[in-house]
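Please find one structure pasted underneath; my questions will follow.
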Amino acid sequence: MTHPDLHSLAHQSQDLLAAVRRDAPLVQCLTNFVSMNYAANAVLAIGASPAMVHAEEEAPEFARFAGAVVINIGTLSSPWLRSMLLTAQAAAEAGTPWVLDPVAHHATAFRRDAIQQLLDLEPAIIRGNASEIIALAGGHSAGKGVDARDAVAQAEQSAHDIAARRKSVVAVTGEVDYVTDGTRAVRIAGGSPLMPRVTATGCALSAVVGAFAAVSKDDPYVAAVAALSCFGIAGERAAVHADGPGSFAWRFLDALAALGADCLTRESPLR
Amino acid sequence: MTHPDLHSLAHQSQDLLAAVRRDAPLVQCLTNFVSMNYAANAVLAIGASPAMVHAEEEAPEFARFAGAVVINIGTLSSPWLRSMLLTAQAAAEAGTPWVLDPVAHHATAFRRDAIQQLLDLEPAIIRGNASEIIALAGGHSAGKGVDARDAVAQAEQSAHDIAARRKSVVAVTGEVDYVTDGTRAVRIAGGSPLMPRVTATGCALSAVVGAFAAVSKDDPYVAAVAALSCFGIAGERAAVHADGPGSFAWRFLDALAALGADCLTRESPLR
Amino acid sequence: MTHPDLHSLAHQSQDLLAAVRRDAPLVQCLTNFVSMNYAANAVLAIGASPAMVHAEEEAPEFARFAGAVVINIGTLSSPWLRSMLLTAQAAAEAGTPWVLDPVAHHATAFRRDAIQQLLDLEPAIIRGNASEIIALAGGHSAGKGVDARDAVAQAEQSAHDIAARRKSVVAVTGEVDYVTDGTRAVRIAGGSPLMPRVTATGCALSAVVGAFAAVSKDDPYVAAVAALSCFGIAGERAAVHADGPGSFAWRFLDALAALGADCLTRESPLR
């Protein structure tokens, strides 16, 4: 663990959650069809305002006044990729932080090419599962589809390499999450084994990372830590009364919305 | 309040709900990706038959035998806009009533242009939040994204102006809803503060307005009133046992499906 | 009933469920926007790994290493149809079984033409409601939209004709399901009247049929029977505590995930 002070990091996270709820930042998501509804509901539950605006005709314009942009390649196609590239560029020009979710980027030639173009537009934060982060660093991942088949611990070095090379914050999520900006690093516990059994949970997290990035433009590292902490705590709470993935999904939204003003310090999942 | 007789309006609404359940009209929705599932479930819950048919190759043809058409610009793009225009035109020619949901139409140049083209095709009913209706009338709205940042009361004059000019019914939804056709007007109470915290609730309402419009072609004003009344009552009921937005979302569908044969008269939310 | 031995068929189904959970096969779905989330969650709940990969640029490539492909024309458009045809062809070439869900294929000229092209690419399994199967065999169906307006019993002959002519397994779902490969046939009970009141339940079933087809490439008949049996039992269980379509939807996912190692033999819904 290279982070000097978990206590202070938890307090900074807590302050960001308060800021999200106070400012209700506009989070523009260019995300996949599977996750659109669940991600929008997660962004609302945390207290921000989701805007699923993706078309080339307007997405770059929108990025100039959005609080943050989230780009997720889950159900990629050529028109969407074109719009994602223009929107990421507009975000960069406007100083709007943007988050990249490289869903299954190693699965096909089309994705492998797309992800390189997106990476070159300098996302503030990259959020993926272990298989995606390992493959992003050029390693050999066990995953074929959208599900992780590697453990987060195996992806920590990859995350560090990408963060250092790309000057991005990298967040790897799984049983215990790992966040690094190449200098600082922290692990985040909590969550539930039911989370990977509900589709779009990871995509929803990337959208919520965007909500925090919008209120923490100068420090995307803390934004990622805060968002993952919220998911860790809410996931653990939702699992208590869940009878399976169906009941977990909505209990998780309730738990996100119910996160209290001191949960991130009192029950800090930082390790 | 300019409506002469709330009692009679409640009875007409109740009759329309019975007609929806008896006829199960086909409601064609060209709606956004975020709301498709929830809107289809709401249309099913009220007793109608949803058909999410949007492609240019078939949507205009479908509009000729649908009971009503609902057009929602939430996740607009050029191919969808082209299809929406052709479908609205086909609906108009066939005498199929169509409902317009002008989601965030003031957010970008692309939307501002699109909404003018759609308005010219004479929707029977326009359903939006206060910020959208104020902007539609040419006023200055506080909203930037999809969420309303204005109160319904501030939008009543705008709604009246649009209704009178466009010969459309205009329904503004929020804490207390307002429906007018330029001559008649009514307020509708009920609902819950959780409704704007669940994405696509407004879009689902526009789809359900379509279900009522299909069985009330000669009086879209009553159709809008009936649909909003159902949402008001079901929203209030769903909130009783909801612990947050996640549990509200499914309880609301249960409540819509459970609306009884006399709820709109016994618990009339008309004001 | 022409199936010689329901007892043995139930055991084969149970073995396939164990195989799905052991192998977690990759199920590629080109499905409609309404069902994407729910279908992915159903595939996860049964124990497989969903991949919603649809773009022409990558879907055919993906089909070569997917365990099965599911093609559903619910929200069809020209770019999607082109990709579906290329993907079905790639699946056929690679020996990947593919499942066809001919949603409302008789509603418009565009669909009627599309479905013929897809049928010619030899799906291993066709899953539809009674109206769709009757229309597929050239009969006159009562359905206009996506909902069935005919009973399964009226579609059994049509199913048999298609299966014999196309050398496909045909599964007709409704109050009591019917599955045939032209030689064998079986009826499957269970389920709940709430199932047609939840949108995308049928689409989710087609996706789950794909999960079973992936682990039973040599016998798609048993794959279809196993998937429908799981839906029959889970649907019955979910209905016990459901208060309406909203609560049924998530309880059904919980019930799918909770199906035990001997449910398909102990509570066999085969008739």
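When the chains are written out, they are named A, B and C in that same order, and each has its own residue count from 1.
In the analysis below, contacts are C-beta pairs under 8 Å (C-beta built on N, C-alpha and C of every residue); 3 or more make two chains touch, one makes a residue touch a chain.
For clarity, every value in this text was computed on a predicted model and none was experimentally measured.
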item	value
Same-site or different-site touching of chain A by its copy chain C, using the half cut	different
Rigid-body rotation angle, chain C and chain B, from Cα fit (steps of 5°)	120
Whole-Å separation of chain centres (CA-atom averages), chain A against chain C	33
Junction residues of chain C - those touching two or more other chains	33, 37, 249-250
Residue ranges of chain C in contact with chain A within the complex	24, 26, 33, 36-37, 40-41, 44-45, 49-58, 61-62, 65, 79, 249-255, 257-258
Chain B partner contacts - residues on chain C that touch it in the complex	32-35, 37-38, 74-78, 104, 107-111, 144-147, 197-200, 243-247, 249-250
